[in-house]
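Have a look at these structures, which come just after this line.
In the two complexes below, subunit A is the common chain; its partner is subunit B in one and subunit C in the other.
For the complex of A and B:
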């Protein structure tokens, strides 16, 4: 009795809420996003400009914090409150499309933007089964090796000119050892363990090290992890990183993420994202050297992928959602903000606009990686488990655990998840 | 024991034969019970039964193209085979084992202190209660800064006091220290609640008992041991049970500061549940973990009650 009455009260008030929000007779487009405070402000301003140009549309921004974004999105799906437009982390695209949340975006976005996308940008927004595009972004990303010029000169290190003459593993480890003995260097390298063990960082940045060494998180043809993630090249590579940590060469997790440019410059090298350049260069000035990621085996590899924009299947006005996205991607102030944030270009016109990444620019090497060594994270719907299992294994290994055992456990966990989902059809047929 | 709590409230006497005496009152009582029973059913009993049902399926967090199936006890078997689950159980046990004496001891000691007739007593009571009304999230962020390695304030103080003889400790980054660091900040944040409970318990002990003990020639320690301690028996039971249950649900601190690391040394059962349920999106599996946690907490609470009843009351 009481329960029913309560329930009907809830229903009534919810219904009232829906009626009220429709009373203004405006089309409401919900946009779910993440980002640092500066980005959040920028999105708000873009939305205002779009509303001014389209008075019959109301853009409602929904902010969700970066670290819990996928959890928040899942909650929105469960409560049937999916946004129209959503920002998503590229490696999760396969999972979202497979689950039926995103719709093909090509018919909804202006053609000139589609033509403007870099290859890597197209790759990060493409679903491997139907090869269709589901998301688009202004930006992309990469990781490079930053170095402190003074320290590198002191040990006489060779400074690579481009991606093709990147350091080899032997060179790299030799320099780490020399740096560890150099006066003033507390840690030879910061691999940004300070980002924690739950953000995408570990899979994003360390995954390519495995690919460079000749293995991977999962076999991308058979979609089996056992036999790949626990194979000898992977075990060997992570054992190498474990040894660096044991030697005291790596900035510890609890020392933050600014040791490269902090007072006294305690870290000599930084295995860091392109976004790190802006803050590091501001205090390092000419002492910062940008180098390609070392080759740990037969080939070079570097991360790519960033937060991109898709339109959900729940949207009642996909055309307006697409119009908003096209508007935003062309918005001058939005692009200016991205440029000042040293954002990595995913559109060719934006690259031409960014002196930082163009030929001769300080981050040119980073952009060179996009066409030469960039490898996307595994585009498979089991990605949430793949990344979670790998991050946990790396945490175990960096803290002295058995490398082979940790990787075997992770590989088995990934394969179990895929089996539990009947191989995520049709991924099981994609041999 | 001779020193009993004040008599039970009168209602306990009245309810016993009620429904025999008066049919009219029976309906009245059912009517009064109904709202509470309905709410408990909707918000506690039904969700629990649902989670037990979910635990028997491969239910994903969000709808997926693959069918949801009944898979019996498969989830439970997988959990029992997962080393990480046992690690997390071991970790919360360690946490509980440390936090009980630290937090309850601290709470009891401050309660005794603040029960004295000191000047500014109410001011200090408020002051000591402050951490408890501060959000755990805020406390974690602040302590995270204090714990910084190697140049955080805590390490600097220790380095200064020891004249540099004690090397900086990686509080949250060393698998041997991480859980202990979490114990420290948890006890500091939460002891205020137990302190208030103890204060209430202390105030419930009638002054006459102390006067009588004094006339019998009992010294301060004897008064504490033979009057205060027995008088606080129900309070001890309550505080112990509540603290244990809270300790087993450890989550916030870990989620913010260590995410279960380093080397899974701060993984807890609830964090494991969130990890599998939300990150890996296996709702059925996570429900099974929650059912197991419920059973464990229930058993511990029952055992504690029985033990304390046997020894004391």
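For the complex of A and C:
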């Protein structure tokens, strides 16, 4: 009896040992990401499909909320628990590469995907020092000017046909004034202040307004902000925007982000991201007009860049991490979800499969901006400081603060950060 | 008393009565306004959780429609009540309850014992220890959070329930609160029990602890709220659904481009229920503790 019991225990232990050694044999790839419930589910399903196709690999998804993503990543770095694959906001790429967190991705990703990337996609994943590719994505992004056709017709506004035909600053401000007096219009424009200052929105969407007006957040040759961000064109442009707010032309932050298509259509124009189209068009049908961003100065400018994927230097299995990324970027269901979410194409094959953005499509003008007016946010390791300082300045300005003082304070904060980091070598040698 | 005197007295009393009446009306109105300010957001949250159109919720927020739902639905609750899948909110809620019960349960024992020892124990340097405990209270959690992350990570505690419970069991604030309560109890109680041969632990467990219901209730509620609302810490120390609390899960609805108000509201209502129940359960002692503190100064 005792012998049988011992034998059965031995067999059970051996079986457990086999199971455990089998489990240990699996390669675990940690993938850190953000996203809303739809994306979280989609990533989970992609991971399951990859695991089914690669039974020796476990994909462990690490979700971090969008507003605490950087804190989560910092904690992972400090506790030496960096993931293998990470989603990152494109303008933060230079900072991550400079800090040594990301590795060149070209040797790890399928060549057909690399060949499929749009120029803007390559630009958002490229580190300016070695010009190497460190991240890749299925998507990119842009901001356009949405208009309510009925209101625009009521004031006799000219509807631009393409990017070259964009409204000038004078036209734009003239229309805002006319719209402010039009019955039914509560606010001439929604600039999506509702996104607040905890997201990238202000730098992402308002930065190009400055660039169009002839200035920038920072001089991209000397990497100095004083003299650029607080220069006359920038002060003038943000004073103009402050005046819109003072005039009551802009949807206030407290009114949320859907006043353009909410009941009664209280906002006549919307300075909104490409992702806004699906929701707005579903509600407004043919009443929605998609226009290029106005020219606020000598040239047109529009934003680009979105959340893209990189492989960290901490990965012990970069080849498998790359294999997972290639799998995901080609995954049909993943692409279908992105398409239904009106995602802006970053791969040519995805663009060809997205009638929304192809020539003649309702968002064609948004895709046209990518090749004609898109300007990436400053690809510099000081970007986290640049964006935070600029967002605080804009918030202060919109709340009635002194424009010049707010921009000077932001510019000084940026320059101080760069000085404190000895110019972020070798960025200081670029001058 | 002459008729004239009575009539004069009545005329003196009448204005006083009417002044008291006016004061009561003002008091009642003020209480009603304060109650309305406190209750209306909660009511709005509950109403919004019964609406299935997230854009409508947002559009209604600026008007009285925020307090009315014409076609109530429980679909949002159904969506956030799942116990498995990619976003298992039922699971997250369960995780939160486990963390809450364990932290508060262990916190009551550890902090009350520490408070008792500091008040009545024979430990040397109690005054110094008490000063250090009070000094620790002024250090904000955020300032030590990163070193703490490194510590728990090196200890191999990440992504566990323990990592969300153990660091927050002992708290300078609650130790001090218990100390203050125990120190106010009559010295004779302690001495009488000692003369009867009771050990220090026996005195704590059988005499002082049963007398400290108001302190226990206060600490339960304060600690419960603190634990329940933890957000940054669980984000930093958890990786998967295994031990993640609902506060982190709700943040999923606040995406980069869109906010899913419908499900966020339903999840918030679900999240509110346990902590509200905790408060209601301990409310009587909680209030008496505060009143007692105020009277005793």
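The rule is short, and it goes like this: the second predicted complex is superposed on the first by the 408 of 431 C-alpha atoms of A that agree within 3 Å, B and C clash if a C-alpha of one lies under 4 Å from a C-alpha of the other, contacts with A are read in each partner's own complex, and residues count from 1 in each chain.
The working rule: a contact is a pair of C-beta atoms (placed from the backbone, for glycine too) under 8 Å apart; a residue touches a chain by one contact, two chains touch by 3 or more.
Because the structure is predicted, anything quoted here is derived from the model rather than measured.
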*Please indicate which partner A:256 is in contact with in the superposed arrangement: first for subunit B, second for subunit C, both, or neither.*
both
*asked:* Touch test for A:401: subunit B only (first), subunit C only (second), both, or neither?
replied: first
*If you stack the two complexes on chain A, which partner ends up touching A:424: first (subunit B), second (subunit C), both, or neither?*
first
*asked:* Output check: A:98 vs subunit B and subunit C. Expected answer is one of first, second, both, neither. What do you get?
replied: first
*asked:* Let me test your reading of the model: by the given contact rule, A:388 touches which partner, first (subunit B), second (subunit C), both or neither?
replied: first
_In the overlaid three-chain picture, which partner chain does A:362 touch, first (subunit B) or second (subunit C), both, or neither?_
neither
*A:78 contacts which: subunit B (first), subunit C (second), both, neither?*
both
*Who does A:37 touch here: subunit B (first), subunit C (second), both, or neither?*
second
*subunit A residues touched by both subunit B and subunit C?*
71, 74, 78, 254-256
*subunit B touches which residues of subunit A in the complex?*
1-3, 6, 70-71, 74, 77-78, 98-100, 196-198, 252-256, 384-385, 388, 392, 395-396, 398-401, 409, 416-417, 420-422, 424-425
*asked:* With touch defined as at the start, can you tell me which subunit C residues reach subunit A in the complex?
replied: 55, 58-59, 61-62, 85-87, 146, 149-150, 153-154, 158, 231-232, 235-237, 239-240, 248, 251-260, 263
_Quick check on the complex: what are the subunit A residues that touch subunit C?_
30, 34-37, 39-41, 44-45, 60-68, 71-72, 74-75, 78-81, 199, 254-258, 261-263, 273, 275-276, 279, 283, 307
*Under the touch definition given earlier, write down the residues of subunit B that touch subunit A in their complex.*
34-35, 38-39, 41-42, 58, 60-66, 78, 83-84, 147-150, 170-173, 175, 259-265, 275, 278-282
